[in-house]
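Multiple structures follow.
In the two complexes below, chain A is the common chain; its partner is chain B in one and chain C in the other.
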Partner chain A sequence: MNRVQNTKLVLWLMTGFAAAIALNRYVFGLGVTTNLNDKTPWGFWIGFDVMAGVALAAGGFVTTAIFYIMKREEFHPLVRPAVLTAFLGYLAVVAGLLVDLGLPWNIWHMIIYWNPHSPLFEVGWCVMLYTTVLLLEFSPVPLEESSRYARVRNFLMRFRFPLVLLGIMLSTLHQSSLGTLFLIMPYRLFPLWYSHILPIQFFISAVALGLMMVAFESLISHWLYRREPETPLVGKLCGAAVWVLAVYFIVKMTDIVAAGKFGLIFNGNWQSDLFIVEILVSTLIPMALFAVPKLRRNSKVQWVGSSMVVIGMVLNRIDVGGLAMLDSTASYTPSWMEIAISLGIVSAAALAFLFVTERFHIWEIRPEDPQSLPHTPPSFDYSSRTWLGVPRIASLTKHTLAFVLSFAVGMAFMPGRKLHAEGIDSVTVSRATGIDTLCIDGNRDDQFVEFPHQAHISWIRTHKIPTSPADDTSGFALAGKDSCSVCHHLNLPGERLSECWECHASMYAQADFFRHDWHASPAGAKLKCDDCHTAGVTRTAQSAKKCTACHPFYKFTTIGVGATPAYHILSYTDAMHKMCVSCHVVEAKVVKDKQDLALCTTCHRVGTPPNLRAGMKWDISVPHFDNVVLPDVGLSVK
Partner chain B sequence: MGALLDFARGPLFRLTFAIMVLGLARLLFLDIIGMYRAYRRTTDKKMPWKLIFSRSFEWFFPVKRVIRERHVYSLLSIVFHIGLIIVPLFFFAHVNLWKEAVGISWPALPYSWAFWLTICTIASALFLLISRLTVKAMRALSLGRDYLWLLLLLVPFVTGFICANVDVGPGSYQVLMLVHVLSAELIFVLIPFSKIAHCVLAPLSQVVCALAWKFPPETDDDICTTLNKKGAPV
Partner chain C sequence: MSKAILTDVTKCIGCLKCVSACKVAHNLEMDVPRVWDKNDGLSAENWTSVIRKDGDRYVRKQCRHCLEPACASVCPVGALHKTEIGAVTYDSAKCLGCRYCMMACPFGIPRYDWDKTVPHVEKCILCYDRIRIGEQPACTQACPTGATMFGDRDELLKVAHRRINENPSKYIKRVWGEHEVGGTSVLYLSDIDLDFLTYPTRPNGAALPKETAAAMESVPYAFVGMGGVMLGLSWIIRRRMKMDKEQGKKKEPSDE
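For the complex of A and B:
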């Protein structure tokens, strides 16, 4: 089995799948691809891509500090892979951020429009500068391939030490400021994770994670290329990690005990269980394993311990970033598309890592892809039985095909229903309540309109409404026998009167009321194309018959009709406003004692509708709104 | 039936269309990479650009062929290619589908143009099929897949033409539309893995041809060694 080739194949598949979803994210927006909402605008992407990504890349500054500042020469083989990991890690963070930002093209604003009070401003600047520093730190490696760039390389090498110092300084700044971001939400983050010293905890854990990430990456790349693992060196990293993890554990526990939150750990709810798992996986078990010198020099234990720290610390960042929010404030689980994009970004970074290690002088001995060794037999394509070329070309052929196919599968998996939502979430309308006095509250948010139905009927029956000649088709002139059709302008099959919510089914978005496919379906109206469209002319809405040709009893009032493209009707809100207000405005001028007829408060009410309130035991006096979360304390019980 | 049609128009279309577009881009990419590698290996770096351009031009605007040799065949082949490209891209209903799904649109063909162009395409395809079957030289050169391709390309055109112009009942309309969509999707999937890939590779074919005649140095010796005739003149 060829480990490198198969791993690359899987990585290409995941990258292709994620690329398809990223395309849809950019074409159709965040709403199609994520479960994020106004209450939880930060989710998996921030927790995993950005916060965990930055922490995973901490190996860069930790290793350079050990090698250049502490002068531990034996760690030299780890420096280049660590800096490369850090560089690719930061590029992945930037890629993840560009997916997560609502308006990614505005990312440069931070450079010009300064907001020095925001921790995010500091994080943004640090990430930007540190990525540049990492680029300069790493670029001598590819530049040494050719003597043509010797002068550039020498110039960069002269500034190596200042660059390393700058890199460490910037990392120290923003690894902690990522924790600072969450100091703003003491009432949202679960108390076990919230702490005033969150920045310090973030920094210490980043150091531990950085050490373990370098160890993990050394282990995995040596396993991939079937090389002798650097066990003694990794053992030394594990020994150092014990101390850092111990400091992290003591700081964290002291803080929790001092704040009086210790009891919460054994509370029994899922957050406390999550916390116990996180602490065990990220800190306690690896610490216990690596504390024994004999165990930490064992390669298998190194595998277990380092991967536990990596998984545990990433879990910690995801917890803080959104998972461990209080239940009352957030309802968010990441969608599969968010996870797929994150995995795709990681896969792309891993592919870049493998590419660079094979291409440039990252390790003392450059790794050979086993397939390109002279004794391997040539590989043939299964279907066409042709030689696929030298191994590099053959793998390129296979991997690009894998990318294309998984991209296509990703496209197929996109939720088609959401693709057509056109940006506005469809809020389903509920029918009005009440018998005579209707309470119109489409989205049930306790802001309703009082509508005296009987009064309107008697008013229409007795009034001839002044209409301009253009309004003559409105049906108002028919007041009397057909007066119902003034408002109920569309009768349903079976000559049933229509209610507003039946067609205007969406609160804020326009809806299709014609249902073309239903009319043309054998299960629906069974119409042939030419039954409505004229033969020999391009079939459009304009060239088709009018609805009234088949439905003679439809009364299209001019109110609202014609304001939207063909087959689309107004949203519930717009339809109601157009229907009521346009008449009220006229009446307010005509009728002497009804000047306030066109004011909002004439119809709009807030609270529980009176017809419902009569039967209710509790009266909730504080209105709640869709987009604003009010604290629980405001509810008064009568 | 309606659900099947929705599936064919939705997820299946996205799947197959993505395979076609990216698959063709991949072929182009691999072609260019291969050309670059071949060019780097050669010692003779001079490329006959003038010849390449003139030959490519001749293939893209085969006026000479029409005038000099096989007039009818060449002319109908050109008509077939034009219809094959223009009708699916600029047919009104197709443009409308893109507009509704993604929000981008482009000018569509007038109804009568689409009507006649489709008829011309179908007729020329039939002619090409018949000539493949009857002319002796062409039959000798044809493989089974060449006939199959012509038939497969005909299916969406015929069904689409019926759907657009003939007043069939809604039941048969749905069946025809399903066949139309599914056959087009089959074509989409097959394009990057078959000879139809020439739709993007054609502009490069003359360059590839020119590069193929540039053998790496000492190739002749290698060939002789492989044939066990070392030292023989080539």
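For the complex of A and C:
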């Protein structure tokens, strides 16, 4: 029975790991845990957890239809495990949705806010109702354990046939409606997958997948618990699957040929390759295998065939759900965190399945509980030879440890940089056309301004005080190669860049740009206090030397409101005006038919009195700021 | 009366005042480039953007406010809603974050707060609060050249066609947004091809919600139909089994 225990250990490990990642997803949001983006807002979680999950749980309605409607009594051993799988499968789907939804606590909104036009609304309602139906269908099983609940159980059993019928009807709707979801995006889905009969294709493939999932599950539990194999029954399922797969293949191919898309299959691009692989794995190869009666009664072939259908159909749902994109610029590969959470949800569902099968009457012959056997050997830790308690306690200890350890590993594995940078990409910088300056996105809202980057850094590049006017290239420069950190705050989280207004801080007054710390720093100018300040006098700006004493060729600000020859840089308004206005004034003289270029009112339009509009020329001394947007607080000055 | 915006690409100088005004009007934060951004300048903090094209052409991108919006038709809780005045508005209190609207939009407009723990869908709402009280949207108000303007959709369409007729050599003879996906409330006049604003193979004409309408209308029939088929099947099989049993009973005495 070690096989069961080891499997559980692995499942607990995956669950613990996923729990840690899920915690991070709720704390830090979708952006840092997934690779989802504005081009591919749906990804692995929708494709695998939701769409494939619902399809995988189709075994429930298929089996109940075979047993209760078609009265094939021989399938009785498969009904309970199939309904249980379906129930847990739908719970897993809901869990997957709760991870994927941006606002999962609003999931109940579908009950009160209705939009019947939406296929998702219909899917949501069907899933809600069907999960309830499955719960009611399954609950007689645990209730039969005690005679105390006999009345409740009898009451439920009376409604079993209507419940089964309702379950089949609801399944028909939402299995197909999952295909309807994609009908509205013909421009998004690759044509080989897009089809107007996608809902029908989804339904047929769900039936095939449901049959194969029941078979697959029987095979796994047979392996896991070393049960008597149900080979002849599974063989019958495989035989039925041949017909369903054949119908699926014919419907799909007819549709592709009728729509004139047949040539796309052999296009040779990755989408066409993917399509061929998908069709081969999900349909053609298993169909060929199971079509031979001798082969489909062989349990090894059953293994191969059923797992191929399961993998192939899951691939189909993932393809439709976001992988097979038409837009070649959209790039999405699921992040490892997305896959880890999905695996964790599946593991948790599998653990729940094992828990229920070991405690309730799911199979005709209940698996032997290893821990209840009187002769199980005592459990020791292999390395330390410590007795771990009675077997039940020992396995509990091991599983808890597995969960806790993998949870810790999961927390440790979170990429810290990604968390803190919150997905910040590098700042957009490009060269301005025709000018030897950079165009930077000053406040990162796509408002590019010409930014004399070199001038900002070049002065005293070599740590030398300029001795001739030729050395001095610009009036506004920072302190050479050390100056990077002034704007590129490498010490700040997220490597945020200073925005223009952080230095050109005041709207109208000029800002102080003197960097005292750099001048005093041993790594900078290496000046002692007395080098600038007069010794013995209180050290203030007034008691210090003028800048020009050391930087004789420094060009001081000469434009702007209250321009003073001091260590000042332009105000924001002046800096911005200099960028636009200086050019406008020059151009107005050149371009004869656009004299308005130099008018204030060309840019400042709103609110300017009409009598002023006509004659206003650029005059720096007149504050005219209608409709000017302040960069730092985002207010419009009127 | 349905309101609309008409943007004349030939008049736009790319000053981005519309972008700036939009940020102020909707209290949007300073934008930080993110790995999940598309390259069209739109983001959760930029509801409109200006795309630069060759030949100093600037094309403003924003929500197109379709007459039959795909986003509103797919939203399971109706958080997106086409108002009578023309704006497609978003109710963040209803939203559950399924992002189906982002998948369905033929222009790829809605953006998501991927970096937030409580994320919402972000898109232009045609300044619904302003146009409802008779003002015009912030972007059209801020435009210094009149490249983008606000008004009744019918009147703007007339203006657009008049401009094309008066200057047939200047414009491409087409008003973008007049017929695409059933018509949109944001119209474009241009001298360059604007098909890059939408996904490549969008079949022109029909509104997207029509694609799902047939499937959605057949839902009740499928529901009842499947129930009927199953009930019928069950009845036939039961009856056959019963007859088999009766025949078996009848046969039994004869066999004796």
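By definition in this document, the second predicted complex is superposed on the first by the 405 of 638 C-alpha atoms of A that agree within 3 Å, B and C clash if a C-alpha of one lies under 4 Å from a C-alpha of the other, contacts with A are read in each partner's own complex, and residues count from 1 in each chain.
Following the convention adopted for this analysis, a residue touches a chain if its C-beta (ideal position, glycine included) is under 8 Å from a C-beta of that chain, and two chains touch if they have at least 3 such contacts.
All values derive from a computational prediction rather than experimental measurement.
**Q** May I ask you to decide whether A:102 touches chain B, chain C, both, or neither, giving the answer as first, second, both or neither?
**A** Once the two structures are laid over each other on A, A:102 reaches chain C alone.
**Q** Using the superposition on chain A described above, determine whether A:520 touches chain B (first), chain C (second), both, or neither.
**A** A:520 sits against chain B, while chain C stays out of touch.
**Q** Quick check on the superposed pair: does A:124 touch chain B, chain C, both, or neither? Answer first, second, both or neither.
**A** In the superposed model, A:124 contacts chain C only, not chain B.
**Q** More residues of chain A are touched by which chain, chain B or chain C?
**A** Comparing touch counts on chain A for chain B and chain C gives C.
**Q** Touch test for A:272: chain B only (first), chain C only (second), both, or neither?
**A** In the superposed model, A:272 contacts neither chain B nor chain C.
**Q** Answer with first, second, both or neither: which of chain B and chain C does A:393 touch in the superposed model?
**A** After superposition on chain A, A:393 lies in contact with chain B alone.
**Q** Which partner does A:27 contact after superposing on A: first (chain B), second (chain C), both, neither?
**A** Touch status of A:27: both partners.
**Q** State which residues of chain A lie in both footprints, the one left by chain B and the one left by chain C.
**A** After superposing on chain A, chain A residues 27 contact both chain B and chain C.
**Q** Applying the document's contact rule, which stretches of chain B touch chain A when the two form their complex?
**A** 1-2, 10-12, 14-19, 22-23, 26, 29-30, 33-34, 37, 92-93, 100-102, 108, 110-111, 164-165, 167-171, 173-174, 192
**Q** What residues on chain A touch chain C, complex-wise?
**A** Its residues touching chain C are 26-32, 36-39, 41-42, 65, 68-71, 100-104, 106-107, 109-110, 113-122, 124, 165, 168-170, 172-173, 176-177, 180-181, 183-188, 196, 199, 326-327, 422-428, 441, 443-447, 494, 496, 499, 602-603, 605-606, 627, 629, 634-636.
**Q** Could you pull out which chain C residues touch chain A in their complex?
**A** Touching chain A from chain C are residues 15-16, 19-21, 23-24, 27, 30-38, 41-43, 45-46, 49-50, 70, 73-79, 94-100, 102-104, 106, 108, 111-120, 141-142, 144, 198-203, 208-209, 211-216, 219, 222-223, 226-227, 230-231, 233-234, 237-238, 241.
**Q** Help me check something: in the complex, which residues belonging to chain A touch chain B?
**A** Answer in residue numbers: 20, 27, 393, 396-397, 400-401, 403-405, 407-409, 411-414, 416, 419-420, 517, 520-523, 526-530, 535-540.
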